[in-house]
Amino acid sequence: MSLKPLADRVLVKPDAAEQKTASGLYIASNAQEKPQRGTVVAVGEGKRAENGERIPVDVKAGDVVIYGKFGGNEIKVDGEDYLLMRADDIYAVVE
Amino acid sequence: MSLKPLADRVLVKPDAAEQKTASGLYIASNAQEKPQRGTVVAVGEGKRAENGERIPVDVKAGDVVIYGKFGGNEIKVDGEDYLLMRADDIYAVVE
Amino acid sequence: MSLKPLADRVLVKPDAAEQKTASGLYIASNAQEKPQRGTVVAVGEGKRAENGERIPVDVKAGDVVIYGKFGGNEIKVDGEDYLLMRADDIYAVVE
Amino acid sequence: MSLKPLADRVLVKPDAAEQKTASGLYIASNAQEKPQRGTVVAVGEGKRAENGERIPVDVKAGDVVIYGKFGGNEIKVDGEDYLLMRADDIYAVVE
Amino acid sequence: MSLKPLADRVLVKPDAAEQKTASGLYIASNAQEKPQRGTVVAVGEGKRAENGERIPVDVKAGDVVIYGKFGGNEIKVDGEDYLLMRADDIYAVVE
Amino acid sequence: MSLKPLADRVLVKPDAAEQKTASGLYIASNAQEKPQRGTVVAVGEGKRAENGERIPVDVKAGDVVIYGKFGGNEIKVDGEDYLLMRADDIYAVVE
Amino acid sequence: MSLKPLADRVLVKPDAAEQKTASGLYIASNAQEKPQRGTVVAVGEGKRAENGERIPVDVKAGDVVIYGKFGGNEIKVDGEDYLLMRADDIYAVVE
């Protein structure tokens, strides 16, 4: 079973709570709005511009991304936690 | 008797309350805004863009969808409960 | 005497208070914002798009429609109560 | 002496307080926002669209109109009370 | 010394406090937002539309205008009081 | 050392506190929002319109300008106070 | 490891706390919203205009910039503090 996000929505699998990773990324714990890290699982086809064409989403499945703490809705699929968020709530891709 | 939604509105039949389904989707109960699940019954022709043409809606009748908890108006048709919501309040399609 | 709504406004004759009709439509009484039912009496020519052309309204006189509770202004014509609302405040047509 | 409204503004002479007219129009007194009735005295040339052209106003001098209670500014010209409002604050024309 | 308003801004010399003029215009004192009267002294070149071209302002120096009470910033030039406001805050021209 | 404002931002050197100048300009002290006076030091290249082209800024270095009291951010460069504001927060040029 | 900002987002390395630099820039401590100083580390490809094309960002890696105090999200990469902000939150480039 899977979810297909609509328009500019993105399905993200959040990282586990240990946020100090081997790659050295660490998300500050004292920021006003703490960004989070996760992996993109599925991406919508993009929202439609005024001319009716779709604006493609800037991330793809497999990307490791940084996103805002309040930028998504929690959802559980097959017992695992995911987040559904808008593409604009994703700040950056980890490379 | 039936309802024909207008513009970008969608008529959705919400799932019954048992949200742990055979397919394994489970909607988290501790999220700030809990997404819900239901089945699309009818779809509007799409709202009009600035140039007057209609922007088609991304879901169709029969789609199983995830939507926001506060994204619709309850309505009873022939004794059954439905929700009338805007297409943008639908987050994803279950496949 | 009659009223000609302007732009995207619609004149609606609300149903009488008995909302359980023969056709089986019943409007839920416990919704956060309860939709209402009525019949379209007159429709404006549509609001103008950015290019100056009019965007036609999606309903016509005679349509039975569902609309939001707070989406209109009450007005009495020849002793009868009507509502003047914007076309976008109409959610669906009953067929 | 006279006033020439600018852009999409309209000068309206409100009806006297007796609102039950011969034509049978009566404005409900228990509505949340009570619409009012008056006669258009002068109309602006229309506001400019994004392309610089003017969008004509939907009413003309002499039209009897229904408008929102809070949709205008009172002004006295030659001892008589008028209202200056935006064209969009006018809901309908009485025919 | 003089001021050149920018974009869609207009410099207005407000009438003296005696608002009952020879021409018979009198501004109501019990309105929620009382319009005011004054004379246009200088006008900006107009704000730029999306295509970069300027949208000309609907008033010119010398026009006697009606404007909203809260639609401007007071400024003193050579000992006299003026108002700097946006063109859209001017409701009508007195003719 | 110098600052290059971005997009539609403008760097302004505010006048000293004595606001009654030789040229006779005096800024009213009882206005709700008191405009201020200063000299433009540097100007951005303009923000981009929807078509991607830049909209030029209406002031240039050396212009003496009137601006809103709350329209900028204070910044100190080489020990002197400046304001960084958006071009739209500048009301007029003193000539 | 590195971060690639998305759309109009910019990754900035804030200056150390000693804000009185050799170059003489000093950020006022009594402003309502205190601008800050830092160095651009990475820049997104620009957000998309209505026509789908990207609007390039006005700063590049290596630029020393002034930005608003509340205009970003703190993030730690390889033990160092960075800010992820929108390009529009950057006021000026230090030259």
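As written, the chain order gives the labels A, B, C, D, E, F and G, with residue 1 at the start of each chain.
Here is the rule we use: contacts are C-beta pairs under 8 Å (C-beta built on N, C-alpha and C of every residue); 3 or more make two chains touch, one makes a residue touch a chain.
Since we're looking at a predicted model, the values are computed, not measured.
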Neighbouring chains shared between chain C and chain F, ordered by label: none
Chain centre separation (chain D, chain F; CA means) in Å: 40
Chain A and chain E, separation of their C-alpha mean positions in angstrom: 50
Chain B and chain C, separation of their C-alpha mean positions in angstrom: 22
In chain A, residues with contacts to at least two other chains: 50-51
Sequence of touching chains round the ring, chain A onward through chain G: A, G, F, E, D, C, B
Residue numbers on chain A that touch chain G, as the complex places them: 23-28, 30-35, 49-51, 53, 55, 58-59, 66, 68, 88, 90-95
Footprint of chain G on chain F - complex, ascending: 1-7, 9, 11, 44-45, 48, 50-52, 70, 73-79, 81, 84
